[in-house]
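In what follows, chain A forms one complex with chain B and a second complex with chain C.
And then the complex of A and B:
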């Protein structure tokens, strides 16, 4: 939780380069320095993006493009490439690319990191920066016919807009077969039971095989970044993170904002509050993974009753605990900057015994899920060796969370970039090497057990915590005004992966730029890699195993 | 259910002449208890509309329609603990053509509103809509968003609004039961022209925006035009 450029005393695998060494490595490419609180920042020319990124990737080992942030200043546009290492995410570097105010064009980083594709499309859509050499620079979140770029400074919100309802021709009509290639277009969504919300998949079929699938997102783009930019740091932003990943992962999301804002404003969180946070967050993770399991079984088995109901039943139990703790079932709004809003519910003993009861019955239900789902032969036939995502591809797309860990990438921010109370507790990072749909499900199910271990240790700690040391909140000023032009990017391990927040302060009590790095956004991008060449039902299974939440994909 | 019972029987004769209603030579399968309860006459006297409305309200097929956060609570309402099926309205149908009630569970944004309108249009008459959550009332916490429609009622008629962010499953159950009551009483949201409708592009008034988009959109393509300046 240090504010300085992270040092790497705890790692030995990857040699750390000091910012000066990096600057020397990049040589003439660097035209200026613009350090962020979390990482050194190098300003480069807009036409040297690919060269810089590939030098950093191949020679300095920065193989994870976590986020591309775009923003508009009074005198320029700017894209920031936040780079990390999969081996050690505390080693970060920011590549800052300014672009001309009148003609904002910079080179695309897509050739070096595939994940830049969608990130740059989003930057183009919302800010209006154009990227040279980008393979497919279109709007991604807003309708194609939208006028203006809503997060640019001169955007007029009152102008009328037109959205189209493109008619996709009936696949059964003759003219829809392309006479030369004999393929067929199939439209899935945005209203479809298997898309987990309002995702739209444009698929091209050859027989029953998928030859191309293109996710079309933006049907739930509710301007989360704008909402956060118009709220004050202290209280007005915290309710929104609950609504990004709304599958009960609220506390995990709140933690992302809390962590970034606390580091930005230099707030120390009391240990007791960190333990409560850790416990609550892991309860959320269990609830989120239970729903992932429930809907995955629904997608693959079409089994609306048994597995779905079992998993929802377990979710209800966790939600009861969370409701006792926070007062709400789904949108908790429980964290505050510097701690949590209130202490554990009284009588504490009852809460602890309820939690322990839940933990006691959990191994039994996990066993049951293994009987019902993972040991099921039909389920195995559907999921083993389908939806293959090799680790190199996953890294190239910036996949994180259970999706990356199901491909054998040992990457978990709770351990690698510790926050909260995780580094004091005894638990393991779960990985599976199968790279297929089955592994991703197994990772989630085993993570539920690890989360239970964490909760149990937290309950033990909280039970014995001396009564006069139960400090739930640090002393935080009523109005926070971080220094002008401080920038920070911080991430936590949410249910779906690395959830990061970039914030730029401008000396007021509201962030000047608030950018969300959504794990689902990057994970969903891998779908074509997993689905192309597979059968149609495998696309549905792959999508289910990605466990996306459209609220977080579209933000 | 409505206190105004649709089944009218002549109670004075039920007690005395129940046995008369048994059909000669038929087993218990035909001469059920219910039949006996109706009394001597095997008929009930009610208005056909009233009877049909009672049927509609007692067996509703919901559209499986997830949009945002509220859909998670909606799933919980369908599932074990809250079990909407107890009230005769718990069968989610994946196709709008098989559904007669749509729960709108979430924020409607500009890109999705035409789709929602299309899904609504695909449902057979008579159809009913439950607006779930603050977003379907006014845009909720996202009302200020540049892309957010200020309530689902801008696009489709809504019969029942369930407030909350998100409403608890109990609240949704209450809303659905209220809707059943309304249906049984023959009440539905009035059909009015909504601010945002699907139109063919060529039917739009030729203003500056339409001129700009003329080379991007086909004449006969369906579009929805948003006037954000006039939104509440």
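And then the complex of A and C:
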């Protein structure tokens, strides 16, 4: 479906309800209103979370729990469930659940949305809210023996804590040995060739078959939210997004912050800067998808595969372009609130021709990958019908990006919740219906071609842009102080899926709460669904097809 | 026995020794020479040729800093590998754990004792030529599985264990088709003696524009050749059948807990195995040491053939995905076994009718 022909049937299927209609639907579940910039917000009783969420899900069509944000105020705790619709993500609603200051307990939403499992565990871990009826309320990012909840207000940041592995978990514990059964407990990772970083999979095997797999994350937790909360909106936050999904998807991440902050502070971005942003972001997407292809080939083909080097080679070319554009190859720090930091490199003609050269050779490369990888019978044997993720399950887990589109979910924020210059350009959202490892790879490979289309159109536009209208940055005040108690949640389509930022302003020049919705975090949660019952090699392939970056999972 | 003088006899005759002393000295010297030739191949292949070949397939340059074409990486790698600490993990089952890395290269080297490696000048590089040569070489080669199981079991590591079990399953599934396919060659040649099989491939099959195509069994029965090649790849555990190691799945399989000299021995054993696989292939299907030119340079042709097979394994490694363990077993038992028996029966009938 092209952007130029907006499809109205989808929005007809789920008629948007006005906030008042929603309030009427929820009836006496609502005790107050707390609207956010992006969505109406309903404050509900802490013991009515499941009822509220299931009413909104089944009767109003809010089938996507994008994020759960937790925060502590001076007088209360609060969990926010940011709901959207897969059919139309511009229809949003926030469910605000206050919890008692002394005894922060609220009902878990896990029974309605599976994705709440991990999100609420994180809220418990970092903020300290306890969720009633949660199936498995343990710490998720920090070690089990950690003292205190780091993002709560009374947390002592100066007290050093060292939690050694034997102290909080002993992987050789006796209870993994069960003399009755013939299963075997196996730690895959955190140091394993195929975990794409420091991921730890607690696996239970029956022979070669996986009975249960539980991802254990947090090895790369770097307090990114805390760091953003200590930085000023205007200058100090922008370098950090590059470090979330560090697989050269930097500009896409920067855009997530830029979009949220610009909407929060009501900043208009010049059109010229939007075109540059769009072009740069799509270059990043190509680079990220090339790496996904390369590492997936490593997982399925084994090391020393030619595909890996070929794909990395193509990625290097994109990175050369990005280096010309931003001055950096990985940690770009190129976006600014209100635009980008500098204009295209001079001489512009050279940059354009270099970009066009890359775009010209790209179809040949993609064809070669299809010959080498997707057309290979052994590869098809390995990936088709393995790692199945049905669309309903994917939605329930809040899976987005190529993972969702590989399961036939037609969801892409670039089209469905347009930002930047995407709605002016001609491109398609790619979906595949296979729901398997193969489809997810195919989606990425086809998205590379769509990104190339977008870049080409951007280059055409930039080439003809009148010289006196090249405005790269809006006038933005030196210090931004959004109004007290304004809240916003905004997401963009990053390489791995929906990357969202929630921010709450408190009248100062720093956000009072900065929450990152990482697509990899939600996508990784689907792994047990795909892996249970499969063979070890398929688990590895499924993990590869999720294309996670632990920097973004753990933040 | 054939009319050609074997290598140990040549040595004892040259040294003027006879009787038991001549046999012992001749055999030892011959074995040492052949063994060192094979080990030299491995030395070149492991640190240097493998890297260069893979690099060529993957658009890289690889080792080029030390010596001409980076060749001095070979001694450098040897020093580096042997100088590393030999880590003995807690709870390993000794001496099984120590023996496993010795058994693998030993079994592969033993296989070379009956391989007719062709003539180099006056010397016929074959240590022994028993009447059951082909059966013997398969027997030697399959000892390797025992080494993998020993390593997998004794390492006290779950990944090693999985690798060891995979190795057994794989070798069981592929050794039978391998040997059954080789038997179809035996039906053609009418002998198990390796020199006899090579000799039987010396005729001219047909001539194309003045170029004689020999009766190598690869040309006589290409179907059996493909079957044998596939089973051989699985037997030596190379892509797409490298699942006993499968680095991205089970870390390094049975080798996971081995370091330093023991690791080198495993590595060495694997490479000798590849060369042995190539040698068996050359003997049974590619006319052994035969080739254009005088018979006295036959050894060179033999070297070309086994290095060609090595190249093929590296090519497969760069290009092919790895099959899954259950798919591997299925291909072995349901596909290869049936096809190899069909081939055997068909060959027997054809040979029976013609002969």
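Just so we're on the same page, the second predicted complex is superposed on the first by the 526 of 555 C-alpha atoms of A that agree within 3 Å, B and C clash if a C-alpha of one lies under 4 Å from a C-alpha of the other, contacts with A are read in each partner's own complex, and residues count from 1 in each chain.
Rule of thumb we're sticking to: a contact is a pair of C-beta atoms (placed from the backbone, for glycine too) under 8 Å apart; a residue touches a chain by one contact, two chains touch by 3 or more.
Fair warning: this is a prediction, and the values are worked out from it, not measured in the lab.
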For this session: Report for A:538: first if it touches chain B alone, second if chain C alone, otherwise both or neither.
Result: second
Exercise. Is A:193 in contact with chain B, with chain C, with both, or with neither (first, second, both, neither)?
Worked result: both
For this session: Kindly classify A:243 by the partners it touches after superposition: chain B alone (first), chain C alone (second), both, or neither?
Result: first
Exercise. Touching A:390 in the superposition: chain B (first), chain C (second), both, neither?
Worked result: neither
For this session: Report for A:301: first if it touches chain B alone, second if chain C alone, otherwise both or neither.
Result: second
For this session: In the three-chain superposition, say which chain, chain B or chain C, touches more residues of chain A.
Result: B
For this session: For A:309, decide between first (touching chain B), second (touching chain C), both and neither.
Result: both
Problem set entry | Partner chain in contact with A:379 - chain B first, chain C second, else both or neither | second
For this session: Quick one: classify A:329 as touching chain B (first), chain C (second), both or neither.
Result: first
Seminar exercise, completed: chain A residues where the chain B and chain C footprints coincide 192-193, 308-309, 313
Problem set entry | Residue numbers on chain A that touch chain C, as the complex places them | 184, 186, 192-194, 208, 297-306, 308-310, 313, 372-373, 376, 378-379, 381-382, 535-538, 540
Seminar exercise, completed: Interface with chain B, chain A side, in the complex: residues 142-147, 150, 155, 157-167, 190-193, 196-198, 218-223, 226-227, 230, 239-240, 243, 246-248, 291, 308-309, 312-313, 315-316, 329-331, 550-551
For this session: Could you pull out which chain B residues touch chain A in their complex?
Result: 64-69, 71-73, 75-76, 79-81, 94, 96, 106-107, 109-119, 141-142, 144-148, 165-166, 168, 198, 201, 204, 207, 209-210, 212-213, 216-217, 221-229
Problem set entry | Residue ranges of chain C in contact with chain A within the complex | 54, 57-60, 158-159, 162, 166, 239-240, 242-243, 246-251, 317-327
